[in-house]
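You will see chain A twice below: alongside chain B first, and alongside chain C after that.
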Partner chain A sequence: MITRTTTAISEARTRAARRPTAPFGLLAPAAAVVVLLFGGSLALGLVQSLGYLPAAGMSELTVAHFIRVLGDPDFFISLGLTFYIALTSTVVACTISVAAALALNALAGRSRIIYFVFQIPLTVPHLVIAVAVVFMLAPNGLLSRLMLNLGLVDSSAAFPLLVNDRWGVGIMAAYVWKEVPFISLMVLAVLRGAGSDLLDVGRTLKAGRWQRFRHITLPIIFPSLGAACLIVFAYTFGAFEVPYLLGQTYPLMLPVWAYKSYSDVDLLSRPEGIATGLLIAAVVTAAVALAQSLTQSARRRGVVL
Partner chain B sequence: MAQRRARHHLPAFVVFILLVAGLPTFGAALSWPEIESRAKGQTVDWFMWGGFPSTNAYVNGYVAPRIKELYGITLRQVPVKDIAEVVSKLLEEKQAGKSAGGEVDLMWINGENFRTCKRHGLLYGPFADLLPQQKLVDWSKPSVKNDFGEPVEGLESPWGSAQVVMIYDSRRTPNPPQTMGALLDWVRKNPGRFTYPAPPDFTGSVFVRHVFYHVAGDVAAWQGHFDESRFEAAAAGTYKVLKDLAPFLWRQGKTYPENPIRLSQLLADNEVDFAISYHPAEASKMIHDGLYPNTVRTFVFEEGTIANTHFVAIPFNASDKEGALVVANFLISPEAQLKKADPTVWGDFPAIDLGRLDKDWQEKFAGLPRGVATLPNDVLQKHQLPEPPSEILIRLEKGWDTYVLKGR
Partner chain C sequence: MKRLIFGSVLVGAVLLPFAPLVVWAFSSRWFYPHLLPEQWGLRAWAYVFGTAGAQMTEALVQSVMVAAVTAILSLAGGVPAGRALGLYHFRGKDLMSIILMLPIIVPPLCVAMGLHLWLLQLGIAGTFSGVVLVHLIFCLPYATFVMWGVFSNYNPDFEGQARSLGASRLSVIRRVMIPLILPGITVAALFSYLLSWSQYLSTLIIGGGKITTLPILLFALMGSGDRPVAAAVSILFVVPALAALAASARYLGSRRMMGVW
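Now for the complex of A and B:
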């Protein structure tokens, strides 16, 4: 009897142990590609950032390039600027998206066109959005000319600087414009799946609008909202084209800095460019890990979010 | 005795010949008709800066179809933001041991990148002598013989020549300043109405070199070997002039246009009063295309402006070298050079010596319409300054970044 039970248990254990291997086996080809291409290029990048570039006559491994990047007083200015822009545009996009998703959820039943219009920016590349922002917000852009014709400003010089400006307004406008539909659609998918039963229950229990949002809607959408925001943050932190077109000449956002060093005529700057790129990757990874662990511990402490 | 020794060396000599013949240095061994027949059916990928609409139109609308028609070669333009990206790529391929089958067959390259490529053995050649049309090129001209102070040595083939001009609107600025010194004064008196692209942009960088020549008060001293302490003094003076000028620039010099295209937009939008171009006929072309009003004109400084020759080169691992050679040869044919010089097409100045052409061709070149904003040839030629060696260029770009942009 006891033996049979033990056998049964051990069999179950073996089965349990074997079961996960099947999905791993299925995942292996995709995982191999990711590890090889992604990990491989990361490793190559690391080697080059450590100064191994035999074709340019550099073959000694050294952390000097990292030290030079980190020792540059501009690095922390650029890092701060990049953080500020990535964080602000993510928070703004996130806030607008939640409002937009709620409105769309109420409206989309009536009008499919609104829903469709909302998806259009998803298909447009960041580069195009950045150019569009230049045309619209530049001192001689559409908006400035419109306001001039309407007599709202006296001259194009009176129009505030919104492109290549000190506070990165142009960059953030481009990112918000591009990311709002993305986050909204992620949130909307959850909202539609959840239906309105819980909200009805809330209403019967006399929960106000804000209470229903805070205690019912927000907990439902939070996981996908958080994930979408992390993706947006990571992208904004590491993307090159938008800050290249809309940023100031100095200080630079980190991705533009990395590109500038990498494509420098002086080949000795290349390892610095790659080192900067790896530092960007490290910061993004750390930010994602931190965000994950914060949510986990919040959940463990029973915070509903 | 001597004979015996010679015979003794014979086997080694034979082995050497066999080895050399077996090497893929076909260029020297092949005759031009053989190269042309091998090139047939090849696809040449030409990497170049894609920022000039007129250049792109010339390459895709004229060169590519003509090359197809004449030689059966498919020419594909690959526009890049900066040819330095391609240099990085080649270096990577060299490192990875990819000595054949490279993606880049031909590249439009500038002096400092040529220098990098040459020093790291990233170029195929020397090949310039193989090209039959090379007879039209005057290799004794200093600006053809050297590319930014770096001897060309047949590793590049010229494509065109260029000279810096200042662009202005004669309706807005009837009397533009005629010297660099006068321009600097003008900027101080008209705050916010002038700017230049941020180096390392090609055009921004050449503007800084004009200021450098102005501050140094001498041009000839920087050709070839130069005195380090004199350079330091002149460079420091240049940075000081530009740093002090910054508050008077467009947007108080807090930001700069990233390239000449953006600068020409600013001029067209009446945000600034001058643009700078390394192409003397570009302003006329832009008037022709409706991007500038027809009151726009150009001028050169009384002390002269920098002129140079621009080149194409073939990477060491190009997969379609024969095709690239045929394209490089076609580019300096009278036909292609004439089309390129047409101001309604591009208006780029010829790389060939027009005196070496026969009468018919000479008349065709003389008969080209001259854009309303383009200066006459003799005015341009009388006001040409040489480029300094690329070492000076690189140091000035770095110095500008540190002292002018970051204000250290």
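Now for the complex of A and C:
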């Protein structure tokens, strides 16, 4: 698997790496932006969510806003809904992506058109796909018209609610369409780099289709698949546009709830909005960290993922 | 045969959502339950380019400018940082990668809400630079990760050879490094551009309604319930992004980009 060029590159890299000091000059601009702006925004958000808002005459630090958010029973309903939608869309997108990446690798060959078409959803803003989902799945949308004309339903009222619905079908449809190419392309890069040598070995050793997938392909793609899925999960958990347009009015997904409180005419609910935002950030970060450490400890115990 | 079926399923699945957008944008009367518009027409486009033309052009220019400036600044920070992470082993590298990963994980919503008051006090909330700054928070780390992948497959020996032949530091960067990493730079620029292009909420919070980009206009239109116009603006919103993809398409699938995607 290790070709001569990659050996040369890694040798060159080790030589470059012999300089022991960190390349601070190279890292400085990026680090400054992230530490100052990102770190600053979280710190300031925390201060505000603790009730420090001099402009509104509030200057005492208090955890009352967090308590008010966490004490609201609706918060946990929203949290559950957000988890359910983010997790389901990630799992569905992940499954379709693996299948699509394997099929693309096996069938598409060098066809550039297929790759180009497959990359189109990457460029489409979430907002646009949400609008398209409304046009397709709403009670007076294209699917409903089609089913009525085919005689499958009697009226638009008999058409199942797929947008602004209880189960978040519309939201998940938008996310899956948008994220499948992203995950697939991450997986595809690894698949192409790996070549087919190991699979040929597997075949000579009489490994079946499933065995080859489970013990050869999956371990190869797992790191990038996992990373891509974590990014997708984090995104779907904290994004606003799609659930705002395609979600129910109750219960709300957490990001919509956070922004609603934040932008309330009552300035006093602003700290609650920011507190909810920070809770979203905490949940997402914890979920990603947990997933990372679980896979790492599984690998240390010798579990082949 | 198998290839043909797979290809058409894939193309169909990708293009399906565009069908209602295009049909709506060119319809002037389309009541339920008609499968196709009863009357086709250009009313939506007349509105977009005529009645609301000035507003649309302004939003389009605003969107392009914000995304372009964000992409350029993301490259300016992301290329050196990617080089540092791809070519060097140093203490604190893991910590650095976690710090850079966080802005990608944490939703822009939280960042924008926390940052707003500060930018307000600095007087840059509601300005072009304020919006660029908030987009930069997550676009720059994305560009850094793309460039990290690029520099992991980069052979710095070429630079040494050019140096030993008497090339100056600047001309090594200009004539050795940049040509070698150009595909990666294109992809990093495309990613940052698209990420900024599709931002809604962070622009709304920091821009405070003063910076009207296309997504902000589109949201307002969806609220008004005028479907043909919303469809036309959606198409207008996708086309520049598609053009950016087409322009960089020759790098996206290339072998030199392996390990980045």
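One rule holds in what follows: the second predicted complex is superposed on the first by the 281 of 305 C-alpha atoms of A that agree within 3 Å, B and C clash if a C-alpha of one lies under 4 Å from a C-alpha of the other, contacts with A are read in each partner's own complex, and residues count from 1 in each chain.
One rule holds in what follows: a contact is a pair of C-beta atoms (placed from the backbone, for glycine too) under 8 Å apart; a residue touches a chain by one contact, two chains touch by 3 or more.
Predicted model, so just to flag it, every value in this text is computed and none were measured.
J.: Would you check which partner chain A:N140 touches, where first means chain B only, second means chain C only, and both and neither mean what they say?
T.: both
J.: So, does A:M58 touch the first partner chain B, the second partner chain C, both, or neither?
T.: Touch status of A:M58: no partner.
J.: Let me test your reading of the model: by the given contact rule, A:V169 touches which partner, first (chain B), second (chain C), both or neither?
T.: Touch partners of A:V169: none, neither chain B nor chain C.
J.: Touch check for A:D266: first (chain B), second (chain C), both, or neither?
T.: first
J.: Considering only the touch criterion stated at the top, classify A:D74 as touching first (chain B), second (chain C), both, or neither.
T.: Touch partner of A:D74: chain B, not chain C.
J.: So, A:P121: does it touch chain B (first), chain C (second), both, or neither?
T.: second
J.: Any idea whether chain B or chain C touches more of chain A?
T.: Between chain B and chain C, C touches the greater number of residues in chain A.
J.: Once chain A of both complexes is superposed, is A:T249 in touch with chain B (first), chain C (second), both, or neither?
T.: first
J.: Jot down the residues of chain A that show up as touching in both complexes, chain B in one and chain C in the other.
T.: Residues 53, 55, 140, 156, 245, 262 of chain A touch both chain B and chain C.
J.: Which part of chain A faces chain B closely enough to touch in the complex?
T.: Where chain A meets chain B, its residues are 53-56, 74, 139-140, 156-157, 161, 164-166, 244-245, 248-250, 262-267, 270.
J.: Touching chain A in the complex: which residues of chain B?
T.: Contact set of chain B toward chain A: 82, 84-85, 88, 91-92, 94-95, 112-113, 116, 120, 192, 198, 200, 251, 254-256, 258, 269-271, 390, 394, 397-398, 405-406.
J.: Spell out the residues on chain C that touch chain A in their complex, using ranges where they run on.
T.: 2-3, 6-7, 10-11, 13-21, 24, 32-35, 76-78, 80-81, 83-85, 87-93, 96, 99-100, 102-115, 117-118, 133-134, 136-137, 140-141, 144, 152-157, 194, 197-198, 200-201, 205, 215, 218-219, 222, 227, 230-231, 234, 237-238, 241-242, 244-246, 249, 252-253, 257-261
J.: In their complex, what parts of chain A are in touch with chain C?
T.: 8-9, 12-13, 15-17, 19-23, 25-27, 29-31, 33-35, 37-38, 40-46, 48, 53, 55, 100, 103-104, 107-108, 111-112, 114-129, 131-136, 140-142, 144-146, 148-149, 156, 177, 181, 185-186, 188-189, 192-193, 230-231, 234-235, 237-241, 245, 255, 258-259, 262, 273-274, 277-278, 280-281, 284-285, 288
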